[in-house]
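Below you'll find a set of structures to go through.
What follows is a pair of complexes built around chain A, which joins chain B in one and chain C in the other.
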Partner chain A sequence: MHRYPRWPIHLILVIVSFVMLVPFYWVIKTSITGENIFNYPPSLWPVDPQPFFYVDAWYAIPFPRFFLNSVIVAGMAIVANLIINAAAGFALTKSFPGKRWMILLLLACMMIPFHATIIPAYLITAQLGLLNTHLGLALPAFSHIICIFLFKASFDAIPPSLIQAAKIDGVPEWQILLKIMLPLAKPAVATNIILSFIWSWNDFLWPLIIVRDVEMQTLPLGLSTFLAYFEDTTGSLYAFCVMVLAPGLLVFFLAQKQFIEGLTSGARKG
Partner chain B sequence: MFARKSHREYLLVWLMLLPALAIFMLFRIIPLLWNGVLSFQFWSPTKPAEFAGLYHYEEMFLYDDVFWEALVNTFKYMLTAPIAIILALLLALLVNSRIRGRGIYRTIIFLSYPLMVVAVGIIWRWLFDQRVGLINFSLRSFGLIDEPIAFLESFATALPSVIAAAIWQIVGFFMIILLTGLQSIPQNLYEAASIDGASRWSQFWRITLPLLRPSLFLCFVIGIIASFTSFDLIYVMTGGGPGHATELLITYVYKTAFTLTQFDYAGALTIVMFLLFVGIALIGNLLAGGDAGRVDIAD
Partner chain C sequence: MEDWKGWLLNRVTITFGLIAVVVIAWNLYVQAHDDGILEGQVVNEAGEPVAGAKVVLSERTIVSMTSIAETVTDADGRFHFEGHDRHALVLTAEMPDLARSARMEVQLYFKNQNRRLPSPIVLSGAA
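Let's look at the complex of A and B:
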């Protein structure tokens, strides 16, 4: 189309890619060589690589326990989001008195960042007796408003004649939702799963506030505690980092397209 | 008969909305109101509430230097948005050109965004390390500096260093948003402009940039929100230090509430933070033409 040399573009993009990838390389290198603050100058290549630090991180900290906690909390958040958001999105496709107010209320709630609610949210969770529990960790993330609107939008796009036909056949409402509408709203389901997973998996502030026992820590919290207590055991710390990042990256590579689409639509979250 | 049927339908609708409503009541609306109440009280978990009037607000605005420092830092942290947007725009234009391997470039540049922020903070601490960090090592090897710089431990460089890490993480995400915006611009606009003899430079200013405004604005809003919610990165990289050089409002709220257990004062801080957030969001919305972040609520 246009005649201009391509190599400057490649040059810039290669340099940028290099900058983006160096931190990954550096953390992986440190996790297998265990260089610490006394190794100056640092070597650019992994010298004498060994898996010791992964074994150390696995046993020195209850990594399997943290991992399990993170999986349980994320699992609860994903299931709750699917049920609650699909139901609410379905309800919002119908006309009923007070609907406008309901939508305005949800939009207003989107303007309240979770970070502006942490103190009472902590006090409420304490009142409910849910401090230091999986349910307490997952509960505030049980529904994301943006996902309700995503469901509403995809339900609205389904031809009304289809639903009318099912109604005439006497199919009950909940079966219409389960058997007809949800299968037709697969992209919204995928976005829901991805967003609730990633927000729960990476969440740090809420676990930091309500978790008291090491046994209940999730991965990000375990990682920050490890940093605070064992600052000099460098190799194991970075091995822990790699083990924490690996599952998220794996999910990303498995569903790259849905992942990027999901995060882009989730960006409007308040 | 007819009325009863529609009553049953309304009941079903509200039953389906109920779980979501309960969650937002419990974790959005009640907490916000409770914060407001707390901010006018003397209260701690062990002693009964007492009316305090504007005591906390007076304390905050007149006597609390840390609050002012955190406020200024929060505004400085917002610089992340314009810097990252300019970089992301350049990258989006580059990866949108017809070159080989652009999909790979896009993936690599986006890769940092979904990472857990706590881990990102730990990695960047290590890169910024004064003694053996890669950045100091590179600068010294190239002869750019003689003495290693204590990036995260000195007042002048701590906040810019954290901002650099924040930009590294978010730039790929902004690039994808802007790329989506670029791809939605109709190609025939450019063809028509070329026929009229418009240079590529003026095509960029007259077509690309104006039509990209919604995407640019979305990035800007995300960047502003980040300055109110970037707790994880600060907590891990500097803990707000040295002194309070990297203290943001959110880290100050956390410390006041959960380290010093001054829930009442932290409530007042939260209210100020929230009002500031809403104010900036509304101004931004006005500047963007009033339809940013709009969710389709048409019946």
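Let's look at the complex of A and C:
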């Protein structure tokens, strides 16, 4: 029994959800009707919907190639994030000299925007000979400090007695991480996968800088090309937007529960 | 055994499995219907078939329209194109110096899709 009625909160949440979902609805509606966005009065419901604009967008640019590039880059980013962030998060659960400074340094680095480090990042990538390659595209997304802290918070919540028992049994550290910590930190793993996927998938600036060939472009870069070349293509343009957004939404919906758990696991006690 | 069930029967495997099935089914459908056959009929305003009308098939891109083939209708007013290899097409028909039709857009769901036009092309002003 609640002290206050819940319906006002639910009503506000419904209104806020509606406001946040309207742009998505509008994009999807325009992608199947091709209605000019400057039409007045705009129609609220789709008039004469059809999927042809998706076909048009598919053939207007090399969509499968861009999609493959995005998948490869996102896949590399996910794997690297899981390995590097889990290892770093595990290390931060240990006691070692300068741990406090290390955490402060990581927190300080979080405050430096990527745009401020983009020139050194470019020069390093060029020195490594990775310009215009999938590895070069994925390299800056190999680790995110916020994800390291997500793993740390998740590992901190695991009872130390479990780790001590494993140590007494002679289990090496890397096996403790792999076989004990990670299976118990599934929400953190899911959150890492989702965040690294979405950030890598939506990244525009870095690919714009290091990609030279059309064949190496990712989907957000393809979207900007589409915008630049074909201005009067409302339906196809919006269809392309949906095609770019859909994989990210799918991954989010598939791991939604773990994602929320992962984000909140460090925020509560017990 | 239970482990395998867990791996196979979870929402991730099922979702991506269903996507894979849809993609395979779609590609099989495309393979079976991609001869680029486009058929239809030309009629006059009274709905009677027009023989000997010139039908022009054009490709509509986002920025232009290019003629790619033309043919002449038979005694029943029917026409037939094959192997057009496009997905956005425009058809026009005319009887030189007599009548001309409005542009008819043909939107296909994949390149070279076989399609029989559901409604005829109407020549306006034909005798």
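Points worth noting:
We take it that the second predicted complex is superposed on the first by the 196 of 270 C-alpha atoms of A that agree within 3 Å, B and C clash if a C-alpha of one lies under 4 Å from a C-alpha of the other, contacts with A are read in each partner's own complex, and residues count from 1 in each chain.
Operating definition for what follows: a contact is a pair of C-beta atoms (placed from the backbone, for glycine too) under 8 Å apart; a residue touches a chain by one contact, two chains touch by 3 or more.
A quick note: this is a predicted structure, and the numbers were derived from the prediction, not measured.
Residue contacts after overlaying the shared chain place A:60 against chain C, while chain B stays out of touching range. Once chain A of one complex is fitted onto chain A of the other, the partner contacts of A:97 are limited to chain B, with no touch recorded for chain C. In the superposed model, A:49 makes contact with neither chain B nor chain C. Chain A is touched at more residues by one of its partners, and among chain B and chain C that partner is B.
Contacts of A:254 after superposition: chain C is touched, whereas chain B is not reached. Of the two partner chains placed by superposition, only chain C is touched by A:236; chain B is not. In the superposed model, A:172 makes contact with neither chain B nor chain C.
By the document's definition of touching, of the two partners only chain B reaches A:84; chain C does not.
Only residues 9-10, 12-14, 16-17, 19-20, 23-24, 26-32, 34-35, 38, 91, 94-95, 97-99, 105, 107-120, 122-124, 126-127, 129, 131-132, 134, 137, 141, 168, 172-173, 176-177, 180, 200, 218, 222, 225, 228-229, 231-232, 235-236, 250, 253-254, 257-258, 263, 266-267, 270, 273-274, 277-278, 281, 293, 295-297, 299 of chain B touch chain A when the two sit together in their complex. Chain contact summary for the complex, chain A toward chain C: residues 50-52, 55-56, 59-60, 230, 232-233, 236, 250, 254-255.
Contact residues of chain C toward chain A in the complex are 11-12, 15, 62-63, 87-88, 107-111. Contact residues of chain A toward chain B in the complex are 1-2, 6, 9-10, 12-13, 16-17, 19-24, 26-27, 30, 35-42, 83-85, 87-88, 90-92, 94-97, 99, 102-103, 105-107, 109, 111-124, 139-140, 142-143, 145-146, 148-149, 153, 173, 198, 201-202, 204-205, 208-209, 219-220, 223-224, 227, 234, 237-238, 241, 244-245, 248-249, 252, 256, 259-260, 263-264, 267-268, 270.
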